[in-house]
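Per-chain numbering from 1; labels A, B and C assigned in written order.
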Amino acid sequence: MAEIKLEAIRKSYGRTEVIHGIDAEISDGEFIVIVGPSGCGKSTLLRMVAGLETITSGDIHIGDRVVNKLEPRERDIAMVFQNYALYPHMSVFDNMAYGLKIANVPKPEIASRVAEAARMLELEPYLDRKPRQLSGGQRQRVAMGRAIVRKPAVFLFDEPLSNLDAKLRVQMRLEIKALQRKLGVTALYVTHDQVEAMTLADRMIVMNAGVAEQVGAPLDVYANPATLFVAGFIGSPPMNVLSHDVRPGRGPLDAGAVIGIRPEHIDLAAPGTGLLDADVAFCEPLGAETLVHCVTAAGDKIVVRIDGEVSLPADGSRVGLAIDPARILAFNAEGKRTAD
Amino acid sequence: MSGMVEKRGVGTWLTHAGLIFGIAVICFPIWIAFVASTVTQDDLIRPPMPLLPGPHFFDNYLEALLTGGVAPVWQMLLNSLVMALGITIGKIIISLLSAYAIVYFRFRFRMLFFWLIFMTLMLPVEVRIVPTYEVVASLGLLNSYTGLILPLIASATATFLFRQLFMTIPDELTEAARVDGAGPIRFFIDILLPMSRTNIAALFVILFIYGWNQYLWPLLITTEPSMNTVIMGIKQMLPTGDQTVEWPVIMATAMLAMLPPVLVVIGMQKLFVKGLVESEK
Amino acid sequence: MEKRVVFDNRWLPYLLVAPQLLVTFVFFFWPAGQAIYQSAFIPDPFGLKTQFVGFGNFEYLFGNRYYRESFLTTAVFSVLVTISAMSFALWLAVLADRVIKGSSAYRTLLIWPYAVAPAIAGVLWLFMFNPFTGIIAWMLSQMGYVWNHNLDGGQAMALVVAASAWKQISYNFLFFLAGLQAIPKSVIEAAAIDGASFWRRFWTIVFPLLSPTTFFLLVVNIIYAFFDTFGVIHTITQGGPQQSTTILVYKVFADGFVGQDLGSSAAQSVVLLVLVGILTVVQFRFIERRVHY
């Protein structure tokens, strides 16, 4: 069990810097999700924590040690890879036991630890199989098991679920969370899937282009995005962004500044009764909810999320959009959140 | 090409007939050799020789094995085996090691070393026999297994093959091993070697044949009969001038000399084809 | 192509490449250097000193009628070996590709000569064509054709070509068969539906699609004929009669070990070195391109 502290972490490949100074403090037992678009540097950051990538500058603390120069095995971590990285020529048992064997853990202890992990992950029937004889979900579990048996201070996950189908992904997501809770091990989890981030994280680090845009609890981040990027990235469908203010009694926005409104914070009303009017382009009924795609007179596209049981407005019809002005977020030209 | 298209009776029979003819042509020399190894010298020196095996199989093979020519064939077979295994194992080991270094480490002169090894592709023994002979002689390695084996074990081909193979092994596996605490040596032994074993086996088949069939090199450096290999030893048994030769014994020796590599090819056909195709890619 | 993940170690990589480098230096570069060095000297008549002659050995070499003839012999020999081994193998591969049942049995029966050493191939063919006792020589004599490759240079050439090609057929067969099996069935079926006859399909569709394999085998066969057939020549003809089968590789051996003419032999080694170099580059260029397809 350990806390992790990242101090001004930078990473350059040759002359190109890909991580531009990241700070974070992660407390013991916390589940932290690093989320961001492809190529933003999530894996690089995680791999620096793991010791698989050198740190260009800054310090990484795990527990009370600075681990910058330590080999992965000296850092008391375990890692689950996106493609599982199981040793194809070893049985499930040997895959899980390999790290312990190297650490010279006595045989009976290895057997009991693997047995315990296998029981937890329901892998007992498969211990003698080779990875290629397992399904994707089972492989995923073996990869988890390999991490668990080492009893590390920190779990590192790099998109561990992205090779699974949608249904299995949801199931494994829950299992990972439950397991982490049960073991109480600090976890650092990388994903580009914001739903996964929202559901798993105690706190999340939203990354973009090598910087941490915001660190916070999922619902906090959702409700109070610090930047336009975060506002757009977290939430699906993304926040509506308008380049002119629709709030009553406001002047025009500064050049480049925008306002944002979440789709669920807009209601359909009779034309003329809302903050503004728009024409319905088309509707996407999703069952529990319906997304109504509208175009305003100014040409802005706005998505409205309404209850699935409300009858759909006809395509091309004019509607009013009722918005609580307090729900509207403003961002300046740099994309930073502003007070009003 | 498709067997599905145009499968009509006559065509099929012609195809099989053609193949059987081809096989007959390919196998005829061996059949003749086999027949010759089962008859007596008298049957052979007055043509035409018989086309069916005679009753002297054991006589001829025993004579070959125990008496042979300048040295008994069993000894030559043993020498061939040592040389073939030495070349095969030696090549595989040094190629595995150097390919591992070149793929998994970054060090000064890495590319220089790589090109130096690569250039040996251009220097088959046949091209540099005289100077190589002198080097081996000056090292005092004539008539020794070391002299037979060492000059033939540097192999750019095998190094390349392993390099290609290592490049296809996912990086994550290496990282997982590092996280598990494996250093470079453990990774090599525990992960890389077991994952390469079919490729090693395939290469083993090809290299064994290569090693067994060496001719020029043993011819040059083994002057003592007790060091002769069977492939070159058979040449010593051939007639020079007008002395008579025991053809049945020579043919028995030829059959014995072919047997190990042919068995390897037929017995490990899958591996053989894999090794052949891959070592030429 | 480079690995992203590497190990960090100061001395281990050097230790790992050391055996290969050592062997390479001692048995490849040192002798090759020796060959280049010696090619610029001739020993004095007493064999005590050597005298620097620059390109003298090369001038002598190319001024030598026998050496020039050896070049021609090598060319004729390689072309004949390559063409006969490849065409016979292609024919067999086309047939084997046509059969569905039993094709693996045919394959097994056709591939094993690969394992026969060139020198053994030489002995087998020598035995069949022995002018006095050989079965085929006898058959030919029954047909009124006198066979004696010890006297007739043309016959000697035919014999070493046959023995060399025989051994190489299985190799070519395997690669042709693999090439044929890699051609998508749909392409051929489409042509069949268009009404093209078997041979028309073969020449207009299959053969062009097979051209990468053909080119590859062309280079491999030429290299084989140049360097790997020493055993065949040495067992059957020893380069004779009248040097009619003295290919370059055989001549290096004959001049160096039998004739003890080290300067000339060294110069020949250097010429061969250049030839292999060219062939290797051709092969590599070609293989590189093939990989990109």
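Some points to look at:
By definition in this document, a contact is a pair of C-beta atoms (placed from the backbone, for glycine too) under 8 Å apart; a residue touches a chain by one contact, two chains touch by 3 or more.
No experiment lies behind these values; they were computed from the predicted model shown.
Compared with chain A, the chain whose C-alpha mean position is the greatest distance off is C. When chain centres are taken as C-alpha averages, the shortest distance to the whole-protein C-alpha average belongs to B. Chain B and chain C have CA centres that are 16 Å apart. Centre-to-centre separation between chain A and chain C, using Cα means, comes to 61 Å. Annotation: 57 Å between the Cα-based centres of chain A and chain B.
Among the residues of chain A, those in touch with two or more other chains are 52.
Multi-chain contact residues of chain C (touching two or more other chains): 5. Touching of two or more other chains is recorded for residues 175, 178 of chain B. Interface residues of chain B, counted against chain C in their complex, comprise 1-6, 11-12, 15-16, 18-19, 22-23, 26-30, 32-33, 36, 44-49, 51, 93-95, 97-98, 100-107, 110, 113, 116-117, 119-124, 126-136, 139, 150-151, 153-154, 159, 166-167, 171, 174-175, 178, 183-185, 187, 209, 212-216, 219-220, 231-232, 234-235, 238, 247, 250-251, 254, 257-258, 261-262, 264-266, 269, 272-273, 276-277, 280-281. Chain contact summary for the complex, chain A toward chain B: residues 47, 50-52, 71-73, 77-79, 81-83, 85-90, 98-99, 102-103, 146, 150. Within the complex formed with chain A, the residues of chain B that make contact are 170, 172-173, 175-182, 186, 190-191, 194-195, 197. For chain C in complex with chain B, the touching residues are 1, 3-7, 9, 12-14, 16-17, 19-21, 23-24, 26-32, 34-35, 38, 88, 91-92, 94-100, 102, 106-121, 123-128, 132-135, 137-139, 166, 169-171, 174-175, 178, 180, 183, 185, 188-189, 192, 198, 201-202, 206, 216, 220, 227-228, 230-231, 234-235, 249, 252-253, 256-257, 262, 265-266, 269, 272-273, 276-277, 280, 287, 291.
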